[in-house]
Structures are given as C-alpha cells and as structure tokens.
Amino acid sequence: SVIDATFEGEGDDFERVKQEMVMPPLVPVHDQVAKGGPKIVEVTLEIQEKKWEVAPGDSVWALTFNGSVPGPLIVVHQDDYVELTLKNPATNSMMHNIDFHAATGHMGGGDISEVNPGEEVVFRFKATRAGVFVYHCAPGGMMTPMHVTSGMNGAIMVLPREGLKDEKGNLVEYDKALYIVEQDFYLPKNADGSFMNLATANESMNEMANSIKTLIPTHIVFNGKKNSLTGKNSPVVNVGDKVLLISAQANRDTRLHLIGGHSDLFWPGGKFNNTPYTDFETWHIPGGSAAAALYRFREPGTYAFVNHNLIEAIAFGAIATIKAEGEWDNSLMKEIEKAGPIK
Amino acid sequence: SVIDATFEGEGDDFERVKQEMVMPPLVPVHDQVAKGGPKIVEVTLEIQEKKWEVAPGDSVWALTFNGSVPGPLIVVHQDDYVELTLKNPATNSMMHNIDFHAATGHMGGGDISEVNPGEEVVFRFKATRAGVFVYHCAPGGMMTPMHVTSGMNGAIMVLPREGLKDEKGNLVEYDKALYIVEQDFYLPKNADGSFMNLATANESMNEMANSIKTLIPTHIVFNGKKNSLTGKNSPVVNVGDKVLLISAQANRDTRLHLIGGHSDLFWPGGKFNNTPYTDFETWHIPGGSAAAALYRFREPGTYAFVNHNLIEAIAFGAIATIKAEGEWDNSLMKEIEKAGPIK
Amino acid sequence: SVIDATFEGEGDDFERVKQEMVMPPLVPVHDQVAKGGPKIVEVTLEIQEKKWEVAPGDSVWALTFNGSVPGPLIVVHQDDYVELTLKNPATNSMMHNIDFHAATGHMGGGDISEVNPGEEVVFRFKATRAGVFVYHCAPGGMMTPMHVTSGMNGAIMVLPREGLKDEKGNLVEYDKALYIVEQDFYLPKNADGSFMNLATANESMNEMANSIKTLIPTHIVFNGKKNSLTGKNSPVVNVGDKVLLISAQANRDTRLHLIGGHSDLFWPGGKFNNTPYTDFETWHIPGGSAAAALYRFREPGTYAFVNHNLIEAIAFGAIATIKAEGEWDNSLMKEIEKAGPIK
C-alpha cells in the first residue's frame, strides 16, 4: 500500500534540472515517461500583485504567482524533488507564502516559505504521490481565503515515472495538454451595487473581508479573466489528438464539461495511481483539488468547455472554447434534414 | 481503451425502430439485453412552452420537451443511432435546440438543431458510450442557462448491449425503472418579494436574466412540480423488486438519498462501463450529469427519496415518495419496545 | 452481489454487548477485526436540548444526541444488530426520533422511534452494509431540516468483520481514530443583522423556519463550536500513526483537506466494501453522507484539517488542528535557504 512507502536520502546528490515556467493554458516542456532516475526540479516563482479587469469594467487586485491566474503549471515525476524558490519583490505590499498539496509536512510548505516584500526563500519537497494537485498562498487567518480568492493558486502535475495508464492498465500518451483553472472572485461592491475600483491591494484585502462572507462569487472565470480562452484566444487541437485537460479549483466546487465531447479517462480525485473512470460527461472538482481528464477529439468544430452550472458558465464567466481542426466524421453525427417547416 | 474505439458506416442501412415516449417517471418499453445488432432509434420531441404552478400559487413558464419537466427518458443501446426529430410548433415564442451529452461533435447536436417556431429538424448521432446522460436545450448566451433552468432538459439511457453488470461483473436485471429528475427553478420576484406571474415566456426570459444571477433557486423540485411524486402520485414497487433509479440534474449539484434504503449499485458518473460502487447511502450528482442507482427493496412501507440537503428537500420541494408493498422482515429491523414513559 | 445477500433470524439469541458512548472526537472502544459472531450491540442515546455559543457571542439552541454535536460515534461490525434505546427526557420541549442511514426500512427507524418529552423507545436494526453512515433526527416536515441543522446528527461506523482493507486488498489496521463532523448552522438574525439570542428551543424552531431558507449558513463548524478542536483542544498523534479520520456532513456538501497531509486511503462514499482510492488531497462529502480517510502521519508539526472552501474554513469556522509528535524527516521536505533578501 502507499501507506508502507519508505523514502531515503534528501536528494542532495540528485541530478538538477531547471524548469522554465510558461503562461497558462500552456504547460512546461516535459517527458511523459521519466528518463533516468529521480531529479531535483528547480522552480522559481515570483509573486506579482497586479490589478486587472476580470470582466470589462470590473477591476480586481489579483495576487499572483508569476503574474497569471492561475499560477503556472509545474510538471515533475513521482519521487522527484521540487526545489522551490519563492520571490516576493519589494514592490509588493504584503507577506505571501506557498502551500503545495503535493507536499508533506510544514502545512504543505506554507510554514517555511513566508516571505515579506523584498524577500525570497528556498525549500525542497518530495513529490511522493502521483496526480495533479493544487498549490496556493496561505498567509494565515482571513488572508488565506482572501489571497486564494484573489487568484493566488495554481497546480502541479506529478506524473507516474512510467507515464499515465488507461482504464485497462496500458500506457497512454497524450498529444497535447491544456491547463485551464477556474477562479471564484468576490469583488467588493459599493453601496449602490457597483464594483469598487480600489487603488491598492491592501484596500482590496480590507474590503474582501466582507465580500467573501456572502459565499457567492461575483465572477467565476477560467484563467483569470472572462473570455481569456474564447474567440481568438481559443486553444486549437486536431481531430485525433489525445488532449490532457488539467484543471483545478482551489476554493469552491465546480463541474466541468466539454460540450460536444467527453472524457475518455478521468482520474478519481485527480490522482494517477487510481484506475481512471471512462466516459464521463461531466467531472466534479471539489474546492481545494485538481483534476485531469483525457479526451481524444473525434470531430472538428468548436467545443465549449464549461462549468456545467450554466448560470456560472454564462452569467459569471466560467467558459472557454477549444477548436478542433480536421475532417468531419458522419459515423458519429449526421444532419438528416436541415431546419425547415414542420411537415 | 475507449480511446481506441473506431466507428464505421453511417447507419443508413440499420434496422429502424420507433421509440414511443412516455411521461416521467415512467421509462419507455425497452430490452435490457439488446436483441440483434445496432439500430436507428427514431425519436420525436415536440417543444412545448407551458405555464404551470411549480408550487401552489407560484407560476413558472416551463420550457419543455414533450410538455414535461424533465423531458422524456430515451433508452437505446451502446452503438445504436438516435435519429432525433425536434419540432418547435408555431405557437411557441422562441428558438430552441437540443444538446445531447451522449453525442459527439456539433456542441452535442446543439449547433445543427436550432429550430424557430414553426420549424423542425432531424439529425442522427451514435450513442458510443454507455450510461445515463443529460440532454438539454442550449440556444446560446444567457438563453442557455435560462432555458435549462426553465425545465428544458431530460436524460437518455444508453445500455451496454449485454445489459448491466453488478460489482462482481455479473449480469444484473432490474424489475422496474423510475425516472426522477431534479430541477432548480429561479422564479423572478416582485419588489415586495412575491413571485411574478408573467403573461408570456418571453417576459419570463427578460426577468430570469436577473433571478438566475442570485445563484439561489426559489424552488427545487422533482419532475417539474412540488409534490409531483408524493401522496397518490407516489410510485409503487414490490418488496424484492430490483429498481433502477434514473436521475439527473442539468444545472446544479444534488445529493440523492432513499430514506430507509440505499443503493446496492451506483455507477460512477452514471456511466455503465465503470464498475459500480456498492452500499452508498447518498449519491452526489454534479450539475450537468445523470445518475443510475439500483436498489432491491427489502422492506414494505414508504421511502422518501430526497435531495439530502434537507432544507432543499423540505423547504424547496426536492422530495418524492416511493411505496413498497410486501411482507415485513424482522431480520432487518424490529420494534422492541414502543414509545412509552422513560423507565 | 450485495443485491443477493440474505438475512436470517432476528438476532434474539445473539450475544449482547453494551457500547459505552464517548464524546467526540473520541471513538468508543472497539475491535477492528471482529471477535466471534454477530452480536446485538446495545446503545442508549439521550436527547439533550442545550443552548451554547457556537462562536463567541453567538448562541444557538443545539438539539443533540447525548449533549454533543455531533452525537457520539457508534461502532459495530457488519451483520451485528444495533439495539437502540432513545430517551427524550421530560425536560425537553419537543418530539424527536432517529433515522439511521445504515438501517433498512421504516424511514431508517424514524417512523418507529418518535418520542415525546418523557418517553423512550427501543428498536433493533441489522447493520447489513459496511461503512460510515450518518444518523440524524427526522421528526417530519420543516422540523427535519431544522433539527438536523440544529446539530441533531452523528455517525455510525460498521466495520467489515475481517477489518479494513487497503487498495491492494490487504488488511490495514489503524492506530488511532478521530471523529470530526462538520455542522452547518443557520442562526436567525434580528433586523439589524445581529444574531438572535432566544430563550427557548421552540422559539429557535419558529425563527429557523426563515433562516434556513437563505440556504447560506451563518456558521460552519467542526464538532459543534468554533475552535472546538484547535489550540489546546487539538487532537495529538504520533509520526508513524495510521489515523482513521471519520467525518460526516448530514445536510450540506463539504470538502475536507489535511493541510500538509493527504489521505493514503479514502473509501468511495464512505463504504468499506469498495476499493479505497489512494493519494487524495481533498475528499468531497455530499450532504447526507459520511466519510472515512486513513492517513499515516509522516512529519511532526501542526496540520490544519479544513473544509477547503477556505472562506468556510476561516470565516465560518470549519477548521480543526491535529498535532503530530515525532522526528522531522528531511527526505520529504527540507528548508534550503531561510527567508532573506532577494539575491
């Protein structure tokens, strides 16, 4: 059982590799099947406090890892170490830290990674479990939910060293990976119901102490802004591509669905050492967890990727589109009679 | 893996059968184990925009397939085609379409099935995956959540050709099937908090653009109306019956529970090619998905079937009753001393 | 299949054992592997209506089994009988009963256990299914959600007779068990938004008929009160201990997470005759169900155990802490450079 796993050594002598972070929805260059033995994967994250429009006219103070919501995806293999350098530039206004759900001890690293503006810290943790996991800032007290719901979260993917396995236990390789993360925002409102436009991140914290207590978000978006992944920002895949859809929700339950598609494979709880389910139409992500679904696209066209509370998708922003290019296959769907007068 | 499934032909030469729809909670006549090879199952759905009382005094403009909420259950086998004729009578007031979660491509059929009042359309899709799946109208933009939360959804059951299998992989047959679907409604309110009574479906759309944004339903009911399945409307089964409980929630999470009973078998995500769980007390349905639970009734009496957020069950309407007839079995439960003075 | 299970006899001749209840988060003395054959386990629960402060200054009329929220954990083995004596002292003000999700028939026992103040009742049920299950009061109508959300719920653990099995099917024994249950409270508010301080339990029922309809709790706590399991009330374990975390939520979904830890084993739906998942970071509990997670602590220090909607954890109270004592293991996590000026 995983209960009996033992771990030796501190990794000091492991080969070191530096992982270059990329902006969501992209994922860093990586091998699916590990080459060689466990490594120390060096990752640097820089905290950026940035104001942006989560929807036209609605500004939010986003607290971010590397300037994006979500923070960038980190990819390692089971039993690798992650050596994390966390930098909090002096231009920032508050203390931050990082808690990795993939780590063990010290509140996921949160207790040993607190950095004030102008500081950096380095710690190392062993990725002992395979799967996709949330990471997030957790400064303590009310700052924890407020930082998380200001965007300060992301995910790490820990692949089994031998790669992913399908529902029969056979190796499966994905052709592409997309990293699409839902964020619930709680923009503070003025007395007249309009959203506040705040001058500093600290004022955002003051006001959010009230807005989060409604438990009802004002915006629910993918990758930090309404329409960040629609129109010309839509990811493009090919018919026949096996696409790994990596998602997360650091705070609040969601239920993801690919309109016109499915998940061929969906790993329970986002954890790869469990046999994946097949054929799911919609997959539930509890707040505080991550998810991985693999789908081989079979038809060309536009697929909407939504939170299937359709109010949250359309009125609150939790919608992306994925465009598949290729040849139509009438064996799966066929128009018989176009719309016309009732006979 | 399901990833590697291939499909040939467009089904034009398949045997055609016409499925007669029936009103929920009934299910259409069907074989559990498929007879012969894949077929084209012809289904006609007529859209009806109807006003009714979701609870005494509370009127809603229900947008429906075939006049019921949910729309009727469709039953086919894996690899059958569904040939769907969608009719939008000229007496209706708006455009509608249909998205099948069981289908592949064209937004589940939504993109090729838009019908204005007076129009009909026909398309065919292959039911490549086994399970219970949601279908729903999805006209686009805010109309999508508003139509879905006006009742315009139902489910399709795609049985494995060889029938259902239990947790050991052995064939299991159900004696009865019940189709009970939860609907969240968002009735618009007047300034004084009373529910609006609107003259047209279009006015309902105008007002619902605001009521849905609360994310808090005003009514949560089974099969379209409070008490649709209680009292003399309660389904009746026999002790010893293996009953397949088919449910769905097209928009919002629910958690179903049979008070006094369990599910012997509950299929993950509602998808039959996954090994069922056993012994669940309560089963979670993410919004945008369907569920199938099998239970062999063991005691006579009244069972409440509820959304086990008991506020949603009792105050909002998400409750049905199922009556089982037969002989009491003291080996499972026995009264020892009736209520009396504390000794 | 479990569908085919047969049960004989009424247990009258079984050996009788009396289970002494203990206060949460403790669990009653029990064998993990059953000794001898099925027994009648005698349990007495006394209903106490008690006013207490769920958070400083916020009083609630708690309706309780044995004076605690949750009611005490009952532990039996599959195929044992539970013989339940329910006492409603004359000092109480209303009718109560009990519905066991582990039971079959008579609304889980609710229909045959109604006791007015001054009454007691005795009934027996067979624990035919293995797992952790909710029990709760269910007097009928609006009283059901009001009693449940006033604290009147707990859990019963039905162990397989041969003990628990890990993900490989091998016997696993836990060293400690903790019973931590989330409760959603809906304290009624005065017009000025302050919480009412009510003189009687009946007044609480009158006012709660409105407060529960918001569907938004005012307090979400573990074991009945904010901070019941923090600070000096934190449970203490040892590094190397395999700890069984038994949880439940009788009314509303939650998503539990051990900050700095994981679940090595998490049983689907809380039901032990299903193969457990491994490696979950966060485990979802639908309202109306119970959960069991096993974790072998590997590092010393403080672990927060939270509802990972972090607003619900921090602003509403759904947080506990568990302290692990032992030696730090640098192989899992290691500080490399303490916080200092950015280089």
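Per-chain residue numbering starts at 1, and chain names A, B and C are given in the order in which the chains are listed.
The rule is simple: a contact is a pair of C-beta atoms (placed from the backbone, for glycine too) under 8 Å apart; a residue touches a chain by one contact, two chains touch by 3 or more.
As the structure is a computational prediction, the values presented were derived from the model and not from experiment.
With chains as nodes and touching pairs as edges, the resulting graph is complete, every pair of chains being joined.
Rounded to the nearest 5, the angle that brings the Cα atoms of subunit A onto subunit C is 120°.
Here subunit A and subunit B face each other with different sets of residues for the most part; under half of the interface numbers are shared between them.
Centre to centre, using the average C-alpha position, subunit A and subunit B are separated by 31 Å. In subunit B, the residues that touch at least two other chains are 216, 253, 284. Interface residues of subunit C, counted against subunit B in their complex, comprise 1-3, 7-11, 83, 87-90, 99, 101-116, 118-126, 128-131, 133-134, 138, 141-142, 144-145, 148-149, 212-216, 250-253, 268-271, 273-274, 284, 286-290.
For subunit A in complex with subunit B, the residues that touch the partner chain are 166-168, 170, 172, 216, 242, 253, 255, 257, 259-262, 264-266, 277-284, 294, 296, 298-304, 308-315, 328-343.
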